[in-house]
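Per-chain residue numbering starts at 1, and chain names A, B, C, D and E are given in the order in which the chains are listed.
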């Protein structure tokens, strides 16, 4: 499901000066699209552009009010677009570099005139698979710019809520918008958690049915994904915590209360992921214990059969010898007696094993 | 006993705006009931309502004194009731959302005009089973509002103590009432601990009687419950600690001493739960060691029997061959001699094993 | 030796108001005795009472000087006595409750007019067994009140040192007395440590002699006791540390230096207990490694015998068949040849095993 | 690849006074070379010396401007050179000692007139092997002196960027140069990480192909290298963190932003190394689980064969006995009947095993 | 090598008043010797005494200058000497007690007029064995008093450096002397580390040669010594750290820089010891993995032989039966046919095993 190793790092930019704009990561969408939403207490306006000049021209000519602007860019592989927008909004080139390098760990950076946030976002990609991509978010005075790797539209609910005239958005500022976007991202984490939980349960059921290499691999697979999730969630917690405590004038008191609530959600996710880790470890323990148990049972049967029949076979072997002078062979009751001896030995052994609780 | 996974999280509210009032969690009771207790140094009055309008009307008309009011709501699935009460007492909508989402981790939130606490509560549900539910508690100026998922009445002892005219409650404020409710919840933790302890002891006894898959599952079951308990207790400790250190004007100096005592109890619970964890781990170790020991013993018997009889059987096999020219077979004392050889081999082997301490 | 589980908690007081005086814990002595020692630079006076009224009357009439008073109570099951003393010295009812509940974890509480300390004390009980009991200690202005569960007198050395006219006690205040009592308690920890050390050494010797279930149980038993000791010692360290840093006017500068020394002792105990833990874990590892080694050796012997003789027995079986037309059987040198073949096979196998270092 | 043990410490200098200049570590290059780069907004000048006097003379005569100077020394075994430079730049003798002892852990030391940094540097050495060496860096007012153990030139990209007239270097001070050097070093860490990652993947593939001792050794080898990397990276993080927070006047505000970015990179490296550790541990777990699984399967086959045929062989042995009076032998249908009995026993056993899921 | 348990604690002093002067620990030398060194910028004077009166008289009469005095006492069993010196220099009796109790953990205590340090010191004792002893050090105004358990002279290098007229000692104060002594002690730690490293390497080589109980014991032995070393080093780090941060007027700014350097060394030791721990754990892992691997191989051979020959032996057994009517026995090609059947079975089995990769 996740591909930690291929995504976690890259040396593509080694040797380049800091702030070089190189897109690091897989190309997740074909075309780049820019969505501009502008709203204030009375107005709501949405425009979509597929071309950065068009967008910049539109901005220059029309956007003059003091409303909140949300520029949402999907697709990162055309670095020229990112650069143009960056130049237009006076964004530090280190921020632009971070946006393009999609192997960032979640973080919040406080630049003088804006807050920069990066986080991992999970969403359903066409089929049932969940994929991870990076979301970068710049909160400036009166605007939010967000950059998304893929082209999956996960922020429709946010737009719907903005559209509603009586919505809380209309009275709040850009900080509330940034909060709402982050909140939507965090909500998707719960979906991932649900999915992992279902798989954990499925594995648990399999576990009691059979001890196959396949189950083992599935557990290890799950464990790795949980570790990956953990690596995404722990810095996210740190980021939200920093956001909660920030005294940046860009975040209003009212929004702070919502961020506290968001922080609470993230802590719950961290808790659950930790529980998942313990459960995965526990499943491995159960697997190994079960395997040992089974081995033990198998060994007991082997030992039982072997220790009973090996001596008996030996006795039969004795009287299969061809010595000329073996008096027992001539006895009238030799054969029945030998049966008796064997049965007695067998019963004694079984009693012995029963006492030792090996049976 | 506990159902961690089904309760720990939910994506029911994903995509909804924050503060949306949706009841997340199982419906734990059929009807909602509201109990209103009002007392001051001289008066004690108790009323029960099954209808929120009735309750609100009653309040508006009659409650005008400066006494302490305790509104206790059992059952959360009718969100309209929670909403009405919330509106009446000017409670922040994020608090209401938290009350309804019963997957909260224990926490304390300091709103300007009230303290909001959430915790897990354990109680006996009809039969012998202990179940966990969520208790939310709002401490405001002169009132406490508590919300409980189920309809089990666990706070009767508190009410009894309030009723007593000379009780400490009568002179103390709403903060002492909040403390007393929390204290009652914490006391129930000790009951859960006792139950787990009994089961740990039972498993320990079973452990020395047999090494079955069943015992193993019971240990893992216990371990999971202990982990669940831990997850409930650790944030509870943090919550009580915050409460102890709060400088909120709503908590008096006198109550602070009681909260310190309560904190002490919670620390003891944390300690015991940690000990339980170590014990469960230790039991697993003992289980595996015991299993290895047993395996070892079984292997020793198998080896003993096999290594003694396999060579002897081979010898018997030799003289069971039908070669025409086998001089030994013709010897007068061949048969007794072969017995002698076998007995000597057997004795030598037994001596060897005794020396190696394998016997 | 220790009985962690039966002592660590209790729900006896669940539902009772805080401060209810109920004796929680086993009754460790038959009769309660009260010892009063009073001393100043010139005087030393010791009185023993078996009756609380007698004690209180005595106090009221005679104790008027500014000397240091030490009231030592042995036996906790008569709550009336504790209550009377508590009332006489204006002790907070939460302190009295803690004194009676003998499942406290070591702690120090700073009340306005006194310091309250609880700790676990170890002492020899008649026979060679060491038992744990709780010691509570109240340090007030000019007096120390100490409560002990059992009736074993462990503080005789302290009394002797007080009696000596030139002793440091005579010039110091009640704080030095409290320090001296605690120091005596801590000194006993070293005895417990010595005992555990001896047992660890004994187990280690046993370990190399045999791998029995008994040794395993002894190690687990030791481990549990070490955990118990750890649970007593860690909060004790916290307590002494708090005491060292306290700025309570009741503790003089001179005594602070002694408390620092005491803290040092406790840290050493913590260190040793931690080392013990690691040693117990290490012993378990050695046990399991040794067991695996032995299993390995046993398996090697089994494999050696089986793999050599099974093929040989098969060959013997071949020529034990009764087919009418088996040319080998008629050969003159068939029998010696078959012996040759068998010996060659045996030697080849032994060489193979030697090369593989399985022999 | 790495040689932790031979490099991590040395007692060569034991007993010497602190500050004694002894080169501790392997000699990593034949000749020592000194490169001097001097630049300001307009000028860029580069000179290389192989002789310290030449270098010092050059400096005295020519370097009088207020530009930034970068002195880069490759090769540490000629202590006289280090000493001369140290004297010329008034560098504390403890710094010089640290430069020569190449077993330093990464650290930053704030001397009054300079910042001293030590770090581990990785680079490709001729063939494909990556080797670790020590880089020391002194940041003074207007100059950076860097000392490198080996003679591999890894800072060419930095020089190229300095050379470009419009480069950021030209306006920034020596602090930006120090940052750029450190950044280059950190970038190489990503290469090491990539290499380890490839080897981890290769091992993982091998793991599912076979369970050989070789794979095991490779995993342990990797684990050791990851531990070594961790030991280099963790103090590096501390060092960069200190650098970020330093209020030294030598580091400008502008450079601080770049150091924050660098810190971010280091944190990502720490994260990845930690993930590697978990993966290596996980691989070991998978190895052991797989081995147990295989053992289990083998045991099952052995048990199956043995438990089916041992009883049957016994029966055959019975009728191989040579007793005179064995009625069954005379029966007309004795032989077919015994076959029937054997087949029935075999089938019953197979059914039994199938039910137990051992087949 | 080390004898942790016998040295780590003692109850010899239980019950005694604090500050009682009892020598706790083994007597490590026969005679006590006192060395007095006195030096200032111009003078250097060294005297050795074997008698405390002689020493005290000497002091009273001759030492009047403002030079630095170093009194070094070797041998602790004559408590009277320690007491006399203590009285002469007004040393707190708790310090004297700590000097005599050689089971101290390394610590630094700040008394008003002196700094008291205790640490573990390692040195070669005649033969090749390294032994641990305690070094106590009192740094007062203008003097250092050091107490050593044994009589091994390890501080000769320090004396030599003091003797040199141009040495740094001559200008520095007593604090630099205290630093130099501690530095010498710390340098010896590197020797111990080297020794352990060599043994670790030796064990590692042995490990791949054989899996004997002896190797296992050696690893456990090493692990214990590493733990012991860790217990000595961790508090040493704390001690040096406290010393570095102390604002005691007795430590000059110049010395602080040297202490920072010393602290650096100690941190490196801590790092290496931690690495050793991980290596020892890793060696144990390798041991167990190797053992499992070997067991697995052995089991495979056993299974191979047994599963091939057991069925064949059964077939041979069949035709060894003596039934009167066994038609196969009469067949002309019966014997060759049975050989054919057996060979086919054998080949099929070998192919099966090859496919399963068990061969």
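In this section, a contact is a pair of C-beta atoms (placed from the backbone, for glycine too) under 8 Å apart; a residue touches a chain by one contact, two chains touch by 3 or more.
Note that the structure is predicted; figures quoted are calculated from it, not measured.
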Chain A-chain C separation of Cα centroids, rounded to whole Å: 43
Chain B and chain C, separation of their C-alpha mean positions in angstrom: 27
For chain E, residues that touch 2 or more chains besides their own: 295, 299, 302, 306, 310, 313, 317, 320-322, 326
Chain contact graph, described as a line, ring, star, complete graph or other shape: ring
Order around the closed ring of chains, commencing at chain B, then chain C: B, C, E, D, A
Residues on chain D engaged by chain E in the complex (per definition of touch): 4-5, 8-11, 13-15, 17-18, 92, 94, 97-98, 103-105, 107, 109, 210-213, 216, 220, 223-224, 227, 231, 284, 287-288, 291-292, 294-295, 297-299, 301-302, 305-306, 309-310, 312-313, 316-317, 319-322, 326, 328-335, 338
Chain E-touching residues of chain C, taken from the complex the two chains share: 157, 161, 167-168, 180, 183-184, 187-188, 190-191, 193-194, 197, 200-201, 257-258, 260-262, 264, 267-269, 271-272, 275, 278-279, 282, 285-286, 289-290, 292-293, 295-296, 299-300, 302-303, 306-307, 310-311, 313-314, 317-318, 320-326, 356-358
